[in-house]
Amino acid sequence: MQKLIEKAAVLIEALPYIRRFSDKTIVIKYGGHAMSDAELRRSFAVDVVLLKYIGLKPVIVHGGGPQIGQALERMGRTSSFVRGMRVTDDATMEVVEMVLGGKVNQDIVELVNRGGGRALGLTGVDGRMLRVRRKTVQGEDIGRVGEVVDVDPRPIAAATDAGFVPVIAPIGVDDEGTTYNVNADEAAGELASALRAEKLILLTDVEGVKDAGGHFLRVLTREEAAKHIEEGTIREGMIPKVECCIGALRDGVPRAHIIDGRIQHALLLEIFTDSGVGTLLSH
Amino acid sequence: MQKLIEKAAVLIEALPYIRRFSDKTIVIKYGGHAMSDAELRRSFAVDVVLLKYIGLKPVIVHGGGPQIGQALERMGRTSSFVRGMRVTDDATMEVVEMVLGGKVNQDIVELVNRGGGRALGLTGVDGRMLRVRRKTVQGEDIGRVGEVVDVDPRPIAAATDAGFVPVIAPIGVDDEGTTYNVNADEAAGELASALRAEKLILLTDVEGVKDAGGHFLRVLTREEAAKHIEEGTIREGMIPKVECCIGALRDGVPRAHIIDGRIQHALLLEIFTDSGVGTLLSH
Amino acid sequence: MQKLIEKAAVLIEALPYIRRFSDKTIVIKYGGHAMSDAELRRSFAVDVVLLKYIGLKPVIVHGGGPQIGQALERMGRTSSFVRGMRVTDDATMEVVEMVLGGKVNQDIVELVNRGGGRALGLTGVDGRMLRVRRKTVQGEDIGRVGEVVDVDPRPIAAATDAGFVPVIAPIGVDDEGTTYNVNADEAAGELASALRAEKLILLTDVEGVKDAGGHFLRVLTREEAAKHIEEGTIREGMIPKVECCIGALRDGVPRAHIIDGRIQHALLLEIFTDSGVGTLLSH
Amino acid sequence: MQKLIEKAAVLIEALPYIRRFSDKTIVIKYGGHAMSDAELRRSFAVDVVLLKYIGLKPVIVHGGGPQIGQALERMGRTSSFVRGMRVTDDATMEVVEMVLGGKVNQDIVELVNRGGGRALGLTGVDGRMLRVRRKTVQGEDIGRVGEVVDVDPRPIAAATDAGFVPVIAPIGVDDEGTTYNVNADEAAGELASALRAEKLILLTDVEGVKDAGGHFLRVLTREEAAKHIEEGTIREGMIPKVECCIGALRDGVPRAHIIDGRIQHALLLEIFTDSGVGTLLSH
Amino acid sequence: MQKLIEKAAVLIEALPYIRRFSDKTIVIKYGGHAMSDAELRRSFAVDVVLLKYIGLKPVIVHGGGPQIGQALERMGRTSSFVRGMRVTDDATMEVVEMVLGGKVNQDIVELVNRGGGRALGLTGVDGRMLRVRRKTVQGEDIGRVGEVVDVDPRPIAAATDAGFVPVIAPIGVDDEGTTYNVNADEAAGELASALRAEKLILLTDVEGVKDAGGHFLRVLTREEAAKHIEEGTIREGMIPKVECCIGALRDGVPRAHIIDGRIQHALLLEIFTDSGVGTLLSH
Amino acid sequence: MQKLIEKAAVLIEALPYIRRFSDKTIVIKYGGHAMSDAELRRSFAVDVVLLKYIGLKPVIVHGGGPQIGQALERMGRTSSFVRGMRVTDDATMEVVEMVLGGKVNQDIVELVNRGGGRALGLTGVDGRMLRVRRKTVQGEDIGRVGEVVDVDPRPIAAATDAGFVPVIAPIGVDDEGTTYNVNADEAAGELASALRAEKLILLTDVEGVKDAGGHFLRVLTREEAAKHIEEGTIREGMIPKVECCIGALRDGVPRAHIIDGRIQHALLLEIFTDSGVGTLLSH
């Protein structure tokens, strides 16, 4: 009986969050261990389906760097990187499209289907949802890597209006119809802005944001986060993710989270418990 | 962290039930300790609000025998009973209407409001929702006690369509507009049938149904339940509740539950855990 | 045949009013003789049902002072009054709730049902429709008497959208969920404002507003009415009613009427004939 | 005051009829004195507008024999008649179209507009609403006179859905698009059937149906009416009207009325008073 | 095969126009040879039906001067003209109403029906759609000739919402309900403005607008057109048509066309080919 | 001018087809030269966009055998075939998914977007739209090749309801979520059946169906087609396509077409001209 009462307490703890997020859009960047470990994959799928049934509108944006790397490797190709971004020539882009859009995306769609949901895979090419322009990094051309200039949310609305969980591969398209590789965190941030999402959640392979001294930062205001970047007091690899969160906050998304995807049901715990997991960025 | 994982496990355990009951009507007979104990009252309110937010449609039917008794006592009146039913003369009926419709009903409405929901109180007089005829018990007239002959679900639909939790006092009305006291279990059963509810749940002050030997019966088919009544192998006081469940099953309600309202969050545990609480009656 | 032509003339006279009030909300304060005399009760019910069928949206707010007084008397309690308002301790408030919400309200609901309409009873507790704060009269605490601070019209909309005539008992609730007695005229005025009603009609036991010389005032502008109050040239008992009308006019209700509820079908005659009955207050 | 009470009584008498006919279609054949006398015209328009505002759906079908006759006369043409039907050659048909569709129809439209309604004129050519075939009378060709073979109610629905009162000139069209003169009573009867009207009302210049002895028949069943025709015990001129009513009853129209259009507000009195005017035919 | 490819090319050429005009209203003034020549009539009907099926909303406004002239002549009447406008006494107006509303309008309705569409005839009297006042020409009264002062587009919306092509006779009505003859070009221009049409198209019996030297003007800005009128460099008979186009442009209609109705399928060619036919007036 | 008239004639010829197919679903199997030749690709895209704008609902199902072959070749893999079907091991299936779902599908989506439409790519995995079971060919296992057992049309409805052209890669999924290669003709046929399509069109690289003597067969009934297969009088390579058409006809699709995709605008010509192109199979 004691166990039952504890069970009830957990459900009750979730109630205010269920009320707050009822009918709200939550954009989730899915990647890292949560996407490669079989157990964590199942746990992620169940979380997404639960969110859907409870009345939220989860939107999944996934990356696929490792899978792209493996495919290129199998073909005997190598890539060079500029500031962490893969220099993407036309042959590489073709592999990116096939792996992200054809393999990784559909695996996640089926993962959610198997968890009891109904998912529908999209890329930024569908309905030209993600309009991009060619990105240069410090003046250097890195090939078909795009930065988002506009989002047409209608393909996502088509999916959610019909009860599907949209799963989105971060491939963009320019005015001529040329496709580009887009950073998944950036795509998730832009989609959260365009969809007026209630939350942006980035699943990572670390505990959250840490300062220079290695102290875990549970909560950051937009200003504090900007100051950390300016002063160089957070890990370099974390900077783009934090910038992406700052951008979403600036566009009106109330809260952004950088959480530890290595924890089972990290998503659920973030949304439905008082303590949450990882770092919260808000105004 | 272990604690967080256990929390997640509870939410996950609830998922299949959330899916199964999504958008379904659950009729709950509310009474006994769950209605008189302050702690249990709060727990009940939270449960109802949670059900509502998760996407179910709870409909509450309440009794109020003890409150009626106290009011009569304060006025110096006494009542006689026939087979557990209060003989209800006109003066008594006036007290019944005031206590059930004016006091108990509104207290529950406010209880649910305070828990974060939006409740709306109704009686069977509203829109002549509960049409009754005068009941006789073993040929004996017991005054203004009615048995339900027809249910017009439109007042309840008006409330639920507008996002309210309907809270219903079991007062019925005949073709001439005369009001009658209706047994709350019976009213709940008839409403469950008329609303094509997914579940009927009777909150009681006992663990569930027990057989002659005092053994708790976790699951009963409709046939088994009928046989127990026929053979006299269940407690007499429980018979009307079991009969009421049998009636609902016969009218197409898939499951009826007689549960222990003395447990905190009994409602939640019944609906969202694998083990459930109390006795399940089904086909 | 002459008689038939006269009948037609009456219907024709009603036409412009039917056109003007089509789909408009009319808030009616129901009380006095119209509520206690059997013949007048029937006449009122028929009027309300006719309004409903012709395409108006009547909303009824009732008082119940005499009924509360009788109930208290039967229980051997006495009340003191401050400026016409009953000092309401907790025990008295319980009686108020039971009599207004459980007895008077439901009697009116059934009255309208019997007249061929479909009524639905509400109190300000339902959906916390009438939010109030404790009222003081000339600095004096008079117990659980509330003044309206906010109106949530959704419970009324739920009823009217589903074709019901809402019948409202003037019980309010504060932020903690404590209930309060509210003056019925005041509640009607506040509801008329919140519902953007086309008319507020107060049924009284007098012919209408009279000046100091006893001359019946058929029409009053808001300014004239205010001046009469200031100069003390209308009967004291009428002042709160006139003030309530002035408030509704100020909030945008186009017309307010203080009419003689002792006339059969006073409501109908007010709305559908050129002469009207009672005093009209307008801009 | 006595006068006011009588006024109220008339409105009250109308209530059950308003309830019964709420949202129902009433097809009215308009013609005779009611169409030529200025006073009766105004009275008719007011009646139609009142019906509309009270929630009924009046559909007007008009004739125009006298107006056609005058126009032909002014042009120096003469017509021959077979069993009361005008032999209609092509030149005559052109006059029929112009007078019925261009003059009479639009006069009635404007009459209703002026009465405060919004009318919209139609003929059977609009949307090929009235499909007819050439009629022969006792084997004799009488030119472009049509009998209705099919009704497409969509033009009428377009008008009523947008809040207009449809006013219909009885001109039909065959599969080749040739237009035909249709008897207005017949057109009204066919439209009543196709629109599943609640009532068909024929405005005539007589008191109603009379038997051979000149006795006015207030009520006739379908069988009695058929028997009167068979036995020749009603006036010959009345036979087509009675047959048209019998046809509508057979097609499911609950009631048909042959009333005296020379009485002011005959329409209103028929629908809203207990006594009615003229002859009622029903099952 | 070559022929097939050419066919496809034509359809392809139409595509951008189909996209541009999808769901847009096109007001067409129909008259002249296109209305009198049997072959051109059929071609016009087919064009209108094609427009409708492809997703545009054609609205037809027709004249009928020659038909009115013939009818008057047959009756032995003569008309005088002031600046091209027929002086219209009451007897003449009656003929106008009968010919325009009863004959010409219904012929066009049936023409479109026969072409496979569903047309519905209207005049400015229906729902008092065209409100006019009496026009004077250079201070001279010319009888019942009206100029448009207001347009109520609801009768047209009723028709188009139900899938019909509205066909409109230019008869207006003043506040007293008196009817007036309205110039069809003017009526078309005013309707284009009120309906926020995408195009106004006037079908004429000339190639388009020509300058003083007889040179055909393919494109005119609003300013150029105004200058031509001011300088007297276009044919006098064309001036009212050009003024009517200028008025529609000023009211926000993006494009107006004066085209040669003597060409088969002129309408189709104007809308769906790159070259167009006739003169285009735009901003 | 002559040229203009011819243009109009083409549009007019299309009218009856536009009317017949208004709002109807047309399933198109896209493949062969029409998919590899740049000019034909553009022509196809324009055709699809035109169909969409004119009011049809095109659904595109594509193959990709040559593209899969090239990708496998680049990776140094070879495939064996059984009766024309590629034996598909797991590694091959991964390539199939990437090429069909990630590359070919998205290329077609972008092709339609560029043509002015809004396309949305789907595979049978999305929402588990194409449920399959493992296929055996003459008892021989050929790996992950599936035959369709059930179609859930909701993902397609989500796309078309929101105005998108669905583009579908023929990948199916079994109850365990394992993916399978599905023959594109077969997938198109099954989708046509499930969507109650008006037409199934297979774009091929031949003129149409020919008999043993090489005579082109313009029209075939279902029975004739079946007889040709039975008697071996059509080319073997054509048999599966003809069988797929026969299946769709049997499931209620009214017409199936095997057309020559090497002709520019073959789709348009098939649908909108009297002669059509290729072979028509119908009941």
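As written, the chain order gives the labels A, B, C, D, E and F, with residue 1 at the start of each chain.
Keep this in mind: a contact is a pair of C-beta atoms (placed from the backbone, for glycine too) under 8 Å apart; a residue touches a chain by one contact, two chains touch by 3 or more.
This structure is a prediction, so every number in the text was calculated from the model and none was measured.
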item: Chains in simultaneous contact with chain C and chain D; value: none
item: Farthest-lying chain, centroid of Cα atoms versus that of chain C; value: F
item: Most remote chain, CA-based centroid, reference being chain A; value: D
item: Pair exhibiting more inter-chain C-beta contacts, E-F or D-E; value: D-E
item: Chain centre separation (chain C, chain F; CA means) in Å; value: 70
item: Separation of chain A from chain F, taking each centre as the mean of its C-alpha atoms, in whole Å; value: 35
item: Rounded Å distance, chain A centre to chain B centre (Cα mean); value: 45
item: Touching two or more other chains - residues of chain B; value: none
item: Touch-based graph of the chains, sorted into line, ring, star, complete or other; value: ring
item: Parts of chain E lying in touch with chain D, wherever the complex brings them together; value: 71, 74-75, 94, 97-103, 105-106, 109-110, 113-114, 118-123, 125-128, 154-155, 157-159, 161-164, 171, 173, 177, 179
item: Chain E-facing residues of chain F, complex; value: 1, 4-16, 18-19, 22, 43, 46, 49-50, 53-55, 116, 263-265, 268-269, 272-273, 275, 277
